[in-house]
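Notes for the one structure printed next.
In this document, chain identifiers A, B, C, D, E and F correspond to the written order of the chains, with residue numbering beginning at 1 in each.
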Amino acid sequence: MSNEMTDEEIAAAIQGYWHWYGIATFMRCPLKPDLSDTDVGLIGFPYSGGNGIERMQYLGPRAVRDRAVAYRRSHRVFQVNPFSLLRISDLGDVPMPNILNPDLTARDAEAFYRRVDEHGIIPISIGGDHSVTTPILRAIAGPKSRRGGPIGMIHFDSHPDAHGAALGTLHHAGSPFRVGFDEGLIDPARTVQVGFHGSMAALTADDWSKEHFTVINLEQMFERGVDWVASEIRRVVGDGPTYFSFDLDVLDLAYAPAVADPEVNGMTTRELFSIMNKLRGIDIVGADIVCFCPPLDNPGQITALTISELMVQFLSHIADYRQNSAAR
Amino acid sequence: MSNEMTDEEIAAAIQGYWHWYGIATFMRCPLKPDLSDTDVGLIGFPYSGGNGIERMQYLGPRAVRDRAVAYRRSHRVFQVNPFSLLRISDLGDVPMPNILNPDLTARDAEAFYRRVDEHGIIPISIGGDHSVTTPILRAIAGPKSRRGGPIGMIHFDSHPDAHGAALGTLHHAGSPFRVGFDEGLIDPARTVQVGFHGSMAALTADDWSKEHFTVINLEQMFERGVDWVASEIRRVVGDGPTYFSFDLDVLDLAYAPAVADPEVNGMTTRELFSIMNKLRGIDIVGADIVCFCPPLDNPGQITALTISELMVQFLSHIADYRQNSAAR
Amino acid sequence: MSNEMTDEEIAAAIQGYWHWYGIATFMRCPLKPDLSDTDVGLIGFPYSGGNGIERMQYLGPRAVRDRAVAYRRSHRVFQVNPFSLLRISDLGDVPMPNILNPDLTARDAEAFYRRVDEHGIIPISIGGDHSVTTPILRAIAGPKSRRGGPIGMIHFDSHPDAHGAALGTLHHAGSPFRVGFDEGLIDPARTVQVGFHGSMAALTADDWSKEHFTVINLEQMFERGVDWVASEIRRVVGDGPTYFSFDLDVLDLAYAPAVADPEVNGMTTRELFSIMNKLRGIDIVGADIVCFCPPLDNPGQITALTISELMVQFLSHIADYRQNSAAR
Amino acid sequence: MSNEMTDEEIAAAIQGYWHWYGIATFMRCPLKPDLSDTDVGLIGFPYSGGNGIERMQYLGPRAVRDRAVAYRRSHRVFQVNPFSLLRISDLGDVPMPNILNPDLTARDAEAFYRRVDEHGIIPISIGGDHSVTTPILRAIAGPKSRRGGPIGMIHFDSHPDAHGAALGTLHHAGSPFRVGFDEGLIDPARTVQVGFHGSMAALTADDWSKEHFTVINLEQMFERGVDWVASEIRRVVGDGPTYFSFDLDVLDLAYAPAVADPEVNGMTTRELFSIMNKLRGIDIVGADIVCFCPPLDNPGQITALTISELMVQFLSHIADYRQNSAAR
Amino acid sequence: MSNEMTDEEIAAAIQGYWHWYGIATFMRCPLKPDLSDTDVGLIGFPYSGGNGIERMQYLGPRAVRDRAVAYRRSHRVFQVNPFSLLRISDLGDVPMPNILNPDLTARDAEAFYRRVDEHGIIPISIGGDHSVTTPILRAIAGPKSRRGGPIGMIHFDSHPDAHGAALGTLHHAGSPFRVGFDEGLIDPARTVQVGFHGSMAALTADDWSKEHFTVINLEQMFERGVDWVASEIRRVVGDGPTYFSFDLDVLDLAYAPAVADPEVNGMTTRELFSIMNKLRGIDIVGADIVCFCPPLDNPGQITALTISELMVQFLSHIADYRQNSAAR
Amino acid sequence: MSNEMTDEEIAAAIQGYWHWYGIATFMRCPLKPDLSDTDVGLIGFPYSGGNGIERMQYLGPRAVRDRAVAYRRSHRVFQVNPFSLLRISDLGDVPMPNILNPDLTARDAEAFYRRVDEHGIIPISIGGDHSVTTPILRAIAGPKSRRGGPIGMIHFDSHPDAHGAALGTLHHAGSPFRVGFDEGLIDPARTVQVGFHGSMAALTADDWSKEHFTVINLEQMFERGVDWVASEIRRVVGDGPTYFSFDLDVLDLAYAPAVADPEVNGMTTRELFSIMNKLRGIDIVGADIVCFCPPLDNPGQITALTISELMVQFLSHIADYRQNSAAR
């Protein structure tokens, strides 16, 4: 007896790849501006007012929706279809009526994410620059959040982003992990930063992170391999609720060229997805993918495709975790 | 007897077009960060924190320098070589230590331009979004400026940019001509706005301008022609000191595609330069060219080239005016 | 008393230009897949299976939505806001389950448009190649349509597209006006083709059109001007119901570079919109804009912007006509 | 005694790299529309009517010719110059008078390849989408072919392309290996599909292939390495005549970005060419390289270059095999 | 009785536009490296060693062939099909074995064009930079040419290109019209230079031309119109044999963006083709189109299309002239 | 006690990444056209007159300055800040008054580098095509140089570039290592060529190199690994003064797409920087990075970024070597 697909299934599968058809919501998810009937909310955060280096990240969510619309997919290794296991919605873009003012925007965004948190929705956000992480953390791990306290953090990045106020505001792209620490939003003992690499603006740039968090730079990964990286991450974050903040610049420019703060000689997608697969079973309570600058992408949109595949990963992790939790 | 150029002059002329050779300052002008020995200062203002629509204007000055480096030129119609008549310098870029904060940046920029004003230098600024005009006007026409009071204004644009505070700040790209009016920096009787066109976000969008300034929209230009436009501008601004603020979106996208807020069916460069030539004799005391978004330019860089040619125009006007003033 | 906009109106107007924010439907119209509550339906027809020359038109509707999302605008000359006068919806994309088969797709599309017709909706379609016009005409002017018979036709194009079967199908991009004639969908006495230009594949290429329809080529427009063109069009189509089929290749490549079948030395947008304005009062019962190939657009997206402005035109014409009809 | 090249040889070698000089035939091969004097025929198959996802593959052969014209090369590892060992011709493009009709085009193409087969020419085809493989197989392995029966198949791809009729035709890009099986054109025991990877449209998508063919997905290659992959392929296809169908999407987007149906995290060119080198001695009786979408290529044309190098591989394999066969 | 095209004619006409099909020779002309059976020879001259400003012109002929392959066309206004009236061939590219040495290359190219001249072929050359004109003139109007003496010259350009040796060689892009004068290849009384415009490297740059030739700059055209320009050109060159050297930079960058030495505010294609049409009856004995830099073209290839249409013009002029001469 | 950066240091570090701010000199180094106060001179050599294949290298230095301006960085592995240990200047571009004549330009460039040598400056040059190496070697290792004799050579390239005169000149991109050998500028016993790969124009192409130098091709690196490559290089060049000539085409096109003479399947940046790190302690007396063609770079400028990082490597090596030498 064959597992053969029917003609209708074949046509549907092929049409699922049509990235140019219909209204582009994230992964063809229903649009739920009222936050109803949703387990996981895909959210656009088209903001670039926090980055002094590159300013094109406001174009990110649209560009991701336009590609990810064809990524209503299942996870090949986990053998999981997140779209059948979870109610996944596109919640639209974060309202930013004061977009030119970084402090007001951080306040406005926090209010939006507080609503998301109150609805019990796991937010997966597509930036925007890295400053978007700050209001998200305040909303889901601050004193007024449902959880009420700090969470674990897996932070992939080529830079620590753990500095204080600069360039006229605390709410810049280089501050979220310092703010997370200072405001008690992330648990430093359960925080790991992965991927520092490239020549340095200052030799002391990573020192604060190394003192307060676990840091894995790429030179270490080159020497010890991805299995070691994955086990280190698991060791640090353990079983508790964990946020995953993914700055695309951790990837090599061959795989993610369209980033705000590029560094040469990064991680390959093979390494990334190998690590991701080995992190199966971690309890992800939120995630963001930041620093996508669409005008810098290759014509074939490799960065948008990598983001889309990473979104499938995050969703599959969450679906797999829930499925296994329910089974226990 | 022939006017023939010598071999050396020929080689020099050809090399003058080498846009890829040497350090790119505006028009190969000497770099004068100390503001010394300068009649006209070419200034980069790489700021896009004031525009909610498009954010790539911070890339403008570099892209203009890279092209304008080959535009150390003379004016074909006026038969004037501004570089032999004026001391023209590249003053570098406006310092912006608080670049993510629009209000602090307006303050920082005003301080820089006040120094320019104190040195008696005519500033020609390359933006940046249109919010850059506000601190410039405060510095050169505010109560503490050398002049001490309002100036005339020629404003080419497809939009009025005469609104109040919005998006979290007064210092946004849509406010400079309202601020200029409210703070007494521009003389409304000597202010003309040229070039409104395209479909409208709101039917009332231009009303405030029409009440307070002289407005020439492109439908009028299509009907009455460029001679009428030039004479209207001359009539409004008269002989007094006049600032020229040029938003590239007044031009048709065939001629200036790389703009922040594009409108279809604009002015041709032939019309623009025809009008410019007919404005000979106006006393230009400052100018800016704003809203250039280099990633949106055509591969042949038509927008950067149009800007370069417009800079030659501004410089030739100033040189011609001084030459004629001196002759009187 | 001033017409000044309030702060909220200003912010809203500026945000209206944010082409990168939110879910991209045509002009931020509500999505109505059930065709409810709609006077005018904006429809994507992402099909390129009818053109043997260029095949990228399937990318058109997405690219237009991504730009037109910021074109919820009013008409500057008519002083009409179509969005307040009409119920305008985005009806999504035409279903094409047999997309690789041109004859089946023509049948499938006709069925969709028949539903549109039955709901009394005026369809404005964004192609797609020019073969999309055939099923639309069959649905709204065929024997089973509400109207039940032929309509007038204004066809802007650089080619007649009035040939019979070729390349393996009748349903190709060069046939709709022959099919429209042969099947009695368009009234030849009320059909005008505007814009033939460029060198010719065959000297007889336009002969059939000239025998059966009124033809205005661009050489005539260059000589007699746009007023004559507009009055000719009005004379031909008169007061009856009229379809407007707009092939972007009628425009010069400086204004619409991203077309399937480019010809040099076309119409300018100034000429186009001047003619459009002079056609005020025509009864438009359907329209399409075809042959947009987004990968061929300039980085500044001039073609997508021209299309967006043209959509504002079509909507404003319809709103204006209804307003005036109601007033009578 | 030196192996030094003469001045003429040096100049010729350098000129051989001039990709912009002369008429672009594949690898500067003579054009033989009459199929005369040819051992291996390089054929363009500029067809994209079989792919519902992306439609730009019709531009492939021209873009490959424009780059491969500079690839009249020898194989560094095999130390073989195929151009001195084989009579290699450019046979032009497959005639497609019914290009808009997929079923008629499959028929027309089969007729062309039947002539190629009758002339005893090994065809190496440059697509075009993957539907081009179906008529080729019918012509060279169908009942009317010289061979008269099925051949072995090495199929590199990220997808199985083994589905039945869909989207209105059997002749679509996802069907050739099902058609090959159903019509007895390929020997399932001698068929290996290499390279499935990426998240999946449906978890059952590969099941039919796994039941009927040998399948090697990339997760297996990551674990077991390229030597294992090569030996598996050799084991499956053995010594018999073998067709090599290469869908570029098996490669990582860093190495082949310009593909119709991209998947993240694919094979590197180093892995590809390592496997290819290890397959020395296989009897290749035909090959195709499909799904190249030139507008999606990087500015440096990495995909076109990869294709050119792969063509050198195919030619060198055939030359090497013939040389060794003759020596036996 | 109808002039209707047959189905075969329709299909052929549509296929004639397939710019991506088959081997790209100029206008699908037969390739005649032996110069046989040819009235007009289309020649690629892919050389950029004569221009100090931009160096990408070597890519010109390939890019023109790739587009012009679809321009086997007839002239709409003249109602002439040059391909039925003339034997037109693609003669391939000029051999340049010493391409890095400008003086040797001038010698090598002259030898090639001498053969063309000896075969009685009218050469239409696609550059390459403007230095290519020098060896062509020596071959067809030098003392050893069939003609044996000077010819008339219509030179469209934004620069005079009439300077002496510079940058290490006489054979640079700025010298051909000085060399033509100095060596008696062009008749100064029958030489007209059309199109100088833009700001100037030196105010004396045009003086030599004005003293020796007839010069029409664009300011004059703006004032007096295209009819005057055409009649001036006719007056200067009269009935004698005339060469037409066309530097694309005379056109506005909206219409020909991909040029080596761009100037803002040039001629439109409407003006160009209007002038061309009015020059009907001039005896063109050779032509070149130079300074095309394909990497600077817009994605829609407007420059390549303009060149293709201009080639149709040149061919139609020659065909029309011969037809009319024969008729006399 | 924390190593925390102060607010000012943070802001300075962030601003250091602003690649679009200020005047673009290499790594914001002071411009020293008089060669004063300089240990290491960064020099632009914008020349493409020596390469017959691709001609866009003249655009290299400008494009590198525009990106490297943000690379005033420290070496992560060596923990060295070269900018605090060395006086590093931007010496501007090599004067080329005879740029169209390759032999005169070689002479002119040699004169410039002789001045650099006389000032005791280590030159790091950014090309330009590979012909730039010849005059540099003559100036710093010829009989009139300070050193007076041959130096060691580390040459990374996919081609030997060791041929004699061709294409009309000895001074072409394929000759520098033959000229270096023939004129006694490099010590063959201390010369290693690393990275030959890809299919070959002629099977004998590398033979001369293998006879005279040490050659490491990439097939060897794939088998033996980067540690072996590094140790081989160290073994060959030993402790003596060594020049490092880096042709970007040695890198895979995924990492350095914008090269003149691309070959598929090259070195990764991870391999490159791993080898570089292992070469610590070599005495680098000059370096060049050649064959960058900016128009072929990806939108994210990966090649320019790789070059910038490689410049940090060269500077850090020199700084580290001097520091260690001084310490001994």
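As a convention for this text, a residue touches a chain if its C-beta (ideal position, glycine included) is under 8 Å from a C-beta of that chain, and two chains touch if they have at least 3 such contacts.
Since the model is a prediction, treat every value here as computed from it, not as a measurement.
With contact taken as defined at the outset, subunit E and subunit F are each touched by B, D.
Relative orientation of subunit C and subunit D, expressed as the C-alpha superposition rotation angle, is 180° to the nearest 5. When chain centres are defined as mean Cα coordinates, E lies farthest from subunit A. More C-beta pairs touch across one of A-B and C-E than the other; that pair is C-E. Taking the mean of C-alpha positions as each chain's centre, the chain lying farthest from the centre of subunit B is D. Matching E-F against the pairs in D-F, B-C or C-D identifies C-D as its interface repeat (over half of contact pairs the same by residue number). The distance from the centre of subunit A to the centre of subunit E, each centre being the mean of the chain's C-alpha atoms, comes to 56 Å. Subunit F has its Cα centroid 38 Å from the Cα centroid of subunit A. In subunit B, the residues that reach two or more other chains under the touch definition are 11, 15, 52, 58, 97, 167, 172, 254, 295, 298. Chains that are in contact with each other form these pairs: A-B, A-C, A-D, A-F, B-C, B-E, B-F, C-D, C-E, D-E, D-F, E-F.
Residue ranges on subunit B touching subunit A, taken from their complex, read 48-50, 52, 55-56, 58, 97-102, 104-105, 167-169, 171-172, 295. Subunit D meets subunit A in the complex at residues 52-53, 163-167, 172, 174, 197-205, 207-208, 211, 217, 219, 222, 252-254, 257-259, 261-262, 264-265, 293, 295-298.
Residue ranges on subunit C touching subunit A, taken from their complex, read 11, 15, 20-25, 31, 44, 46, 58-59, 61-62, 65-66, 90, 92-93, 97.
Those residues of subunit F that touch subunit A in the shared complex are 2-5, 7, 9-11, 13-19, 70-77, 79, 81, 254-255, 269-270, 273-274, 298-302, 305-306, 308-309, 312, 316.
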